[in-house]
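Below are two complexes that have subunit A in common, paired first with subunit B and then with subunit C.
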Partner chain A sequence: MTLRVKDLKVYYQTLRGDVHALDGVSFDLADGEIMGLAGESGCGKSTLSKSLIRLDSRMRHVGGTVELDGENVPIADDEAMVPLRYHEISLIPQYAMSALNPTRKIGRMINELLRSRGVRPGDVADELRRRLELVGLDPEVLDRFPIELSGGMKQRVVMVISTLLNPSLLIADEVTSALDVSTQRSVAESLVEFRDREYVRSMVFVTHDISLVYQMADTIMVMYAGRVAEKAPARAVIEDPRHPYTRMLVSALPEVGSTVSGGRLEGIPGTPPGLLNPPQGCRFRDRCPMAFDRCAEQPPLVEIEPGHWAACWKTGE
Partner chain B sequence: MSETLLELEHVHKVYRTGAFGGGRKRAVRDVSLTVRAGEVVSLIGESGSGKSTLGKMVLGLSRPTEGRILVEGTDVAGIRGFAARKEYYRRVQGVFQDPFSCFNPIFKADRVFEMVRGSYFPEVSDADWRDRVLSALGTVRLDPGNVLNKYPHQLSGGQLQRMLIARALLLDIRLLVADEIISMLDASTRIDVLNLLADLKERGLGILFVTHDLSLGNYVSDTSVILRKGAIAEMGPTTRVFDNPLHPYSRHLLSCVPQLHRTWAEVDADLAANPPEDVTLPTVADGDTSAPLLEAEEGHFVGIDQK
Partner chain C sequence: MWRYIGRKLVIYLLTFVIAVTINWMIPRFMPGDPVRSMLSRASVSDPQALERMNAYYNEVFGFDTPLHQQYLSFWGGLLRGDLGVSIMLYPEPVTDVIMRSVPYTLAVLLPAILISWVVGNRFGAFAARSKVLDNTILPVGYVLTATPYMWLALLLAWALGVVAGVFPVAGGYSYALRPEFSWVFVSDLISHWFLPFLSMFVVALGGWAIGMRNMIIYELEADYSNYLQALGAPRRLIRRYAFRNAMLPQITGLAVQLGTIIAGALLTEIVFNYPGLGTLILDSLNNRDFFLLQGIFLFVVVGVLIANFVIDIVYVLIDPRTRVQMTGGAA
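On to the complex of A and B.
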């Protein structure tokens, strides 16, 4: 078991009170697993991925634990997290195009980064070149400035940098959202290849695009309003979703081949609840067509089939 | 066949590039297409394909370098002067990608409706105007109680985007340019905005739908135009373009789209097992800036292959 998150609660402090952005999130991530983390904006998916590597000043760890390879990850202690960052837990940030220092050539920037993490650049130089070639980049990009590279190239450079020290856990936050479809595919496939070659042990791939995550992830976790709605193997989430939210979300996605005349798709009416004072019970209750009395009580996340977890009273029956 | 609303005739756009404007970049190359009343035409392309430049030119925000853009028979480049432009925007409106940046955050969101009234309908009475606003909101399926008298930050992206469409509907628009209007929206609200476009189409509006997402372009449109490097790669009825893509670029693009029930490996295997029929693409001599189209089957055109 690589990563085990138990009942994690992270709140944002605001002047009007705490925003319950993560309110009791639990899941396991196995060795070699790529987990797609999907959900609408504001569901807590970016908060979760940030919490695993660095809490910013507004975020407060309220409860719950994170374990990586059996060791506790002290997410609330910024100092104690330093040795883990980059070595054990690494991140591909959302806007990789702007994550590179524009005033440095890429090679020099990488060397500075490695030294700051206590690694001698010479020790990994060969590996760096090999991996750049693997993602289809000429190692001469090291002598270029970021402005000389296209968006997809920068994205791949950042991917290589983030995984250079073979981290246990890689968090990829919306890495392909800003790319064209053909570049998107090659970046997604390179990520899978990195896992296959064991450059990264396991991966959390955050996205709002479920059809993309279906192409590359082993499992998909769908979040709603700060909680886990469903986690299951990728095929099960698409073919046989059990939580009403996942069902409605999957059926609202237009595909290549679906047209208005061939039957209209329906969106989900309503909006997610505010998380400043979240409602009691199931948070999807107000938008859920299947809601009944018991939904006033919060449904637990239960394993309904091996590997298939859902938090809904109706699925347990 | 219904009337032609928008007609592009061999439109080119060349931008000056570089520090002193010495370089030239042909962003749009020899594009000809038409949009009829009650028709949705999707302009599909990756970044740098010229799709947004085309949208801008139709809205009169930038002028074509060569060629003509006709809206209901009048050349857009010939519209000069404040009054004439204002009249033009009574008939043609645009909605853009980021609804959050289209509103002034210090005013209430429904101020956009008041501004339309101030410039176009000063003579309409308060009660009459209120009815029109309510009916426009009804068309875009917004509950007036939820959106009126609110500040932009209190509304979701989908609500704001629908308010912008309602604002366009207050005018007597004939043509709507929708530039990436759903890329910023969440999956659960996206489809509502797409369905709304289908409703507008039934009311006889012509819609130019600019998108980079092939599955979205395919859901609403009657005609699809796939652009590459400024020129049309393939154009035709949406079902034909998606079922039988003829241009190698369109095939490549379609094979890269993440699908819900088929993985990329399955799509590739399928493509390898049934290699598509070959078509001869039109060619042009070096230095020729035209981009001829070849009619491969009825109404289905393929364009040149650019390296």
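On to the complex of A and C.
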């Protein structure tokens, strides 16, 4: 078991009170697993991915634990997290296009970063070149400034930098959002290849694009309003979703090969609840067509089939 | 690179021509006849002699020729390095009068600009990382930048000169001394230099510190800083990157501010009656000495243009982004 998150609660502190962005999230991530993390904006997926590597100043760890390879991850302690960062847990940020210092040549920046993390640049220089070639970049990009690279090239450089020390866990936060469709595909394929070559042990791939994550991920976790709605193998989420939210989300996707005659795609009416004072019980209740009395009580996340978890009172039906 | 420098040179040359033209026009369209006011000081009572003297001086200064010819001969003289003869200090050439004042102005200006820029940037970067400093000393910085140069100069002259009596409040050196290379004279020179320098330095300091503090905070919030933090890079490395990147706008700021700072230096000199270009401007204005006034303005304009040109070149050398754009790399 690579990663085990138990009942994780992370709140944002605001002047009006705490925003319950993560409210009791639990899941496991196996060795070699690529987990797609999906959900609409504000569901807590970015908060979750940040919590695993670095809380920003407004975020507060309220409860729950994170374990990586059997060791506790002290996510609330910024100092204690430093040794883990990059070596064990690494990040490909949402803003990969602007993640490189604009006034340093890329190679020099990498060397300075490595040295500051106690790695001799010479020890990984060959590996760095090999990996740049693997993602289709000429190693001479190391002698260039970031401005001389296209957006897609910068994205790939960041992918290589982030995975250079073979971390246990890689968090890829919306890495494909700013790319065109064909580049999205090649980035996704490179990430799968990185896993296959064991550059990274396991990966959390945050996205709001379920169809993309379906093509590359082993499992998909769907979040709603700061909680896990469903986690299952990718195929099961698309073909046999159990949680009403997942069902509606999946039915809102165009099907491969379908024609216009298939009728209009339906969205999900309503909006997610505010997380400043979240409602009691199931948070999807107000938008759920199947809601009944018992939904006033929070449904637990239960394993309905091996590897298929869902949090809904009606999953049995 | 050379194309860029060439393009810049053309722009600066054009600015120079326009500045010279305006410079030539302004004194000529100012009310008052300089020759007449000079003659009235000589208090010649004989109207015939007055008429003859008037004609003589008009010829000497070239006022009897049509305007366009005055303009052309002005350019001709300029290219030969001849700025004419001062009216106020007749018959001394304008160039000599200016050259006598320039060392004083530069002695105040250069250290004030450079030291305040370096110290202000260091200090601002330092304040950005400390909450206490940020809350106590930066408001002082805001007050300082908002202070008019001559007001601060007056305040300093009053406090350190009149009340405390530590520094002299007027002149470039004591009238009791002759210029010579001796310890007494040099120390006297320095004590006269100190207050004008200090008032320039203090006003400029606040502005640089505030600018740098804001830039550092902005850079520390930038995406590349966040990425490095997520990868566990130490603060030292992130700070170093932020400082370097925050310096770039400060260099542009220096170029932009230069004109204002020089104007401030001129005012400060007037307050301390310091024998630099500022005091000379005031004197030549009072005496309707166009040639001198023209010469000083020209000198200031050329100085600002050269300084800006140097900063342009420096900027290209230190910011890879402008360099890349010029060599035509892929953006």
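Throughout what follows, the second predicted complex is superposed on the first by the 308 of 317 C-alpha atoms of A that agree within 3 Å, B and C clash if a C-alpha of one lies under 4 Å from a C-alpha of the other, contacts with A are read in each partner's own complex, and residues count from 1 in each chain.
The rule is simple: a contact is a pair of C-beta atoms (placed from the backbone, for glycine too) under 8 Å apart; a residue touches a chain by one contact, two chains touch by 3 or more.
Keep in mind it's a predicted model, so treat the numbers as computed, not measured.
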Since both structures carry subunit A, what do subunit B and subunit C do when superposed there: clash or fit? fit
Let me test your reading of the model: by the given contact rule, A:Thr271 touches which partner, first (subunit B), second (subunit C), both or neither? first
After superposition on the shared chain, which partner residues are touched by A:Glu148: those of subunit B (first), subunit C (second), both, or neither? second
Between subunit B and subunit C, as viewed from the CA centre of subunit A after superposition, lies an angle in degrees, nearest 10, of 70
Contact-wise, after the overlay, does A:Asp196 reach subunit B, subunit C, both or neither (first, second, both, neither)? neither
Please indicate which partner A:Asp126 is in contact with in the superposed arrangement: first for subunit B, second for subunit C, both, or neither. neither
Should A:Arg104 be classified as contacting the first partner (subunit B), the second (subunit C), both, or neither? second
Lowest C-alpha to C-alpha distance for subunit C against subunit B (Å): 8
Taking the complex as given, what residues does subunit A use to touch subunit B? 40-41, 151, 180-182, 184-185, 188-189, 208-212, 214-215, 238-239, 248-250, 252-260, 264-268, 271
Quick one: which bits of subunit C touch subunit A in the complex? Just the residue numbers, please. 222-224, 226-234, 236-237, 241, 244-245, 248, 318-321, 324, 329-331
Under the touch definition given earlier, write down the residues of subunit A that touch subunit C in their complex. 53-54, 81-87, 90-91, 93, 95, 98-105, 112-113, 116-117, 144-145, 147-150, 158, 161-162
For subunit B, which residues are in contact with subunit A within the complex? 46-47, 156-157, 186-192, 194-195, 198, 212-216, 218-220, 238-239, 242, 252-254, 256-261, 263-264
